[in-house]
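Shared chain: chain A. Partners: chain B in the first complex, chain C in the second.
What follows is the complex of A and B.
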C-alpha cells in the first residue's frame, strides 16, 4: 500500500531535501518504519522511546490528525509530517 | 603537563542556535571565528576526545525535533548523526514513561578505555557508549536504581531536570561521580552499577530540611586531573570543596566577599595546581536575577583551595553588563600560562591568557552560549 508523505523542512536533512516522498504501509507505524529503513534516524526525531509522538510534531493522514501511531493509512492517502510551533 | 608552544588552541562553542569554533595559535593573541555549523540547532555540549582528537561529539536537538547526537572523525569538518542516540528503555506497565528530551552532558571515558563515553540527559539519565559515541545504552545502575525516583524525581530547573558533571577518576575507571539538578551528587565505585549520595555538608536553602541526604542542586562538579581526590563544586547554595576519602563538603564560598556571595553556575580548575579555581558569581538574591552582580561582571579566583578569593575584572565591562555564564560555558586551556575562557548569554566569548588577570572579548554577537570546551 503506497502513500505520499509530505516532509516538513526540519526533517528534510534525512530525505536529501525532498519535500515529498512515497512510502509503504497500512498504518502510521508502518509508514514511519518504511521511512526509517530508508532515512535512518528520522523516526526518533518524531517519536520518542516510549512510542509517543513528540510534543512539537503533528502527524496528519489527509486532514485527520493521527493521535496514535496505529492510525490507518489507505492507498493513495497523504501523510503530513508537520513540525508544530516551538518558540523562538 | 602543559602543552607544547607549537600547539594551537580550539574552543568549541555550543549555542542555542548552532556550533562555532574559535581557533588560535599557541600565542593566543588572535582568534579566528568559524561557523555556524548546524545553524538553528540547540546544542548543549561539544566535546573533543582527548584520547583521539579527531573524534568530536555534539549533543543536539532542534525546537521541533527530538534529541540526537552528531559525531565527527575529522576534528569537526564533517559530521554524521550517531546510529543510536541515548534513549531510556521502554517503560513497563505501571511505570512512568521517561523519554530523553535533550542530551545535556558529554564525558569521554577513562584514558585506557578507548571509545568509551558517558552522556547525561534531561530528564536525568546516564548513558554509555562503548564505540566512540555511535551507539548509546542506558546505564541501568543509575537509571533503574531503586532510589532513582527519589534521587531524581523530576524537580526541574528552568532548563529541565539535568544530569551533568559525569566525572571518571583518572586513577580508577570504575570510580564515577555525577550531579543531578535537582537531586544532588552521587558516587559509584563499581563502574556505575551502584550509586550513593555524596551531599553531606551542602546547603539546600530551598528545602525545609537542610540536612537531607539528597535533593540538592549542584550546578557543576569538577575533579582535579592530577589530584583526583580533590573535588570542587559550584552549587545553587554555595561553593564547596571535598578532599576524599572525606564525605563532608566544606563551604569554601564563605570566604567570598559578602557583597558578591558564592552563587553561580561554573567553576574551573587550574590544570596543574589543585589549589587554584575560578568562578563567575551571579546574583542569587531576592528573585534570583542570575545576572552578573550589579551589572559588573567579574571572575573570582582562589589560589589556596578556597581560603581566600580575589576579584578579576580587568578588561571586563565596568557597568551595565547584565549577562550570565552557564555551567558549561567556562573552561581553561593547558598552556604553560593557563588561559581562561567564558561565553555568556549575550553571545560574547571572553578570554584571558594570563590566568584571569586581564580579559578581552574575542567574539560577540553569537547566539546565547551554552557551553565552551577547549581542545588542542
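What follows is the complex of A and C.
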C-alpha cells in the first residue's frame, strides 16, 4: 500500500533534500518504519523512546491528525510530517 | 481624520470592510513585533503603511550585512546600526504619522509583562525557540492575541491565537525540540524571500484582528513550501492538557527557557571541517564522541570514537576525560552542535564538532563510515 509523505524541512537532510517521498504501510507506524529502513535515524527525530510522537512534531494523514502511531493510512493518502520551526 | 489621512489611506477607505471606522481602529491600535528580522521586516513595514498608530519593536541586535538578503527593512548604509534605530528611521520615513517605540532589549521573563502590557496584539518573528514559547505563554497569561510565524530553509508556518477563542502555540507544539533534535540553526539557511511571505501574512492577520473582518488563522496551521509552491492548512484544537491554556495549567508564571543554539554559544565552539579533523585524528588531546543513536553508530563510525547518544550526554559528561577536548560527531552536524551546547552549558571550556557530520566526512574524505 503506497502513500505520499511530505517531509518537514528540518527532516529533509535524511531524504537528500526531497520534500516528498513515497512510502509503504497501512498505518503511520508502518510508514515510519519504511522511512527508517531507507533513511536511517529519521524515525528517532519524530518518535521518542516511549513510542510517542514527539511534542514538537505533528503528523497528519491528509487533513486528519494522527494522534497515535496506529492511525490508518490508505493507498493514495498523503502523510504530512510537520515540525515546529524556529527561524525568523 | 485629516485630509492628508483621507488621501493616504484612500484605498483602505474604499474597502467596505475597513472604511473610516476601520482606519480609525488601525490608528488607535498598538502592535508589538518581537524580532526585527526576516519576518519582522515585512510585517512592520506593512503595519506602518497601513497606519497602525503605535508599533513596538523588540530587538537587541545590530544590522549585519548577511541580514540584507531577506530583511528588506534595512539598507546597506544601516549595517552595524542597532536594528531598532534603523527600523525606527525607516518606518517614520514611510509614515511620519505613526508612533514607533523601540525596545532595545532581549525579551525575557523579567521584562516580558512590562513590555506586553502596553500593546493590543503581538507578532512573533523571533528566531529562537525559547523566546517563541515565552511569547506564547505571556500572550496566554496576559490575554493578548498572538500571530506566530517561523521559517526554515524553504518552508514556513504561521498561526493565530485569540484568547478565549482557540488553541495556543503550545497546543500545536507542546514543547520545543529536545536536545539533539533541533535543526541546525547555524547552517540551515533560508530563502530570502520566504520570510517576506510569512511576515506579510502576519501583518494581514494583525490588520484583520484590529479592524474585525475575515477569518483569522485560529485553530489552523498554515504551512507554506516555497520549493513546491504550495500552501497547506491543518486544523488543530485546544488541548485540555496544554501546560499554559489547558484545564489545569502548569505554567502560571513566566520563565526563561534555556537557549540551545544561541549565537553567543556558537562563538565558543570549534568547528572542524572533515579535512581539519582528518589531519588531527592522531591528536591525543582530542576525544571523538559520536552522539548518534547506538543503531546508527553500529552502521559505521570513525575509528577510536566512543558512542554517547546526545539524549544521554548531560548525564554522562563525567565519562569524558577532562584533559581531552571532545569533538562531537553525528550524521549531519545538527546533533553534534547541540552536544556542544550541552557540554558548554555544563562548564566545558573547549568543545568542537564535525561540521556537516559524517555525511560531509564521507563526501570529502571519502572513506568510513560505509552506511549512513
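Worth pointing out:
Criterion: the second predicted complex is superposed on the first by the 84 of 88 C-alpha atoms of A that agree within 3 Å, B and C clash if a C-alpha of one lies under 4 Å from a C-alpha of the other, contacts with A are read in each partner's own complex, and residues count from 1 in each chain.
Everything below uses one rule, namely that contacts are C-beta pairs under 8 Å (C-beta built on N, C-alpha and C of every residue); 3 or more make two chains touch, one makes a residue touch a chain.
Predicted, not measured: the structure shown is a model, and the values here were computed from it.
Of the two partner chains, chain C is the only one touched by A:19; chain B is not. With both structures placed on the common chain, the touch criterion links A:40 to chain B and to chain C. Looking at the superposition, the partner that touches the larger set of chain A residues, chain B or chain C, turns out to be C.
In the superposition on chain A, contact is made by A:63 with chain C only, not with chain B.
Contact with chain B, but none with chain C, is seen for A:52 once the two complexes are overlaid on the shared chain. After overlaying the two complexes on the shared chain, residue contacts for A:80 are found with chain C alone; chain B is out of touch.
When the two complexes are laid over each other on chain A, chain A has residues 8, 10, 40-41, 44-45, 49, 54, 56-57, 83-84, 86-87 in contact with both chain B and chain C.
Within the complex formed with chain A, the residues of chain B that make contact are 62-66, 68, 81, 83, 85, 87-91, 97-100.
Considering their complex, residues 35, 37-40, 124-129, 132, 149-157, 172-178, 181-183, 185, 188, 190, 195, 221, 223, 225, 227-228, 232-236, 292-293, 295-296, 299, 311, 331-332, 334, 359, 371-372 of chain C touch chain A. Contact residues of chain A toward chain C in the complex are 6, 8-10, 12-13, 19-20, 40-41, 44-45, 49, 54-58, 60, 63, 65, 80, 82-88. Interface residues of chain A facing chain B in the complex, by the touch rule stated above, are 8, 10-11, 40-41, 44-52, 54, 56-57, 83-84, 86-87.
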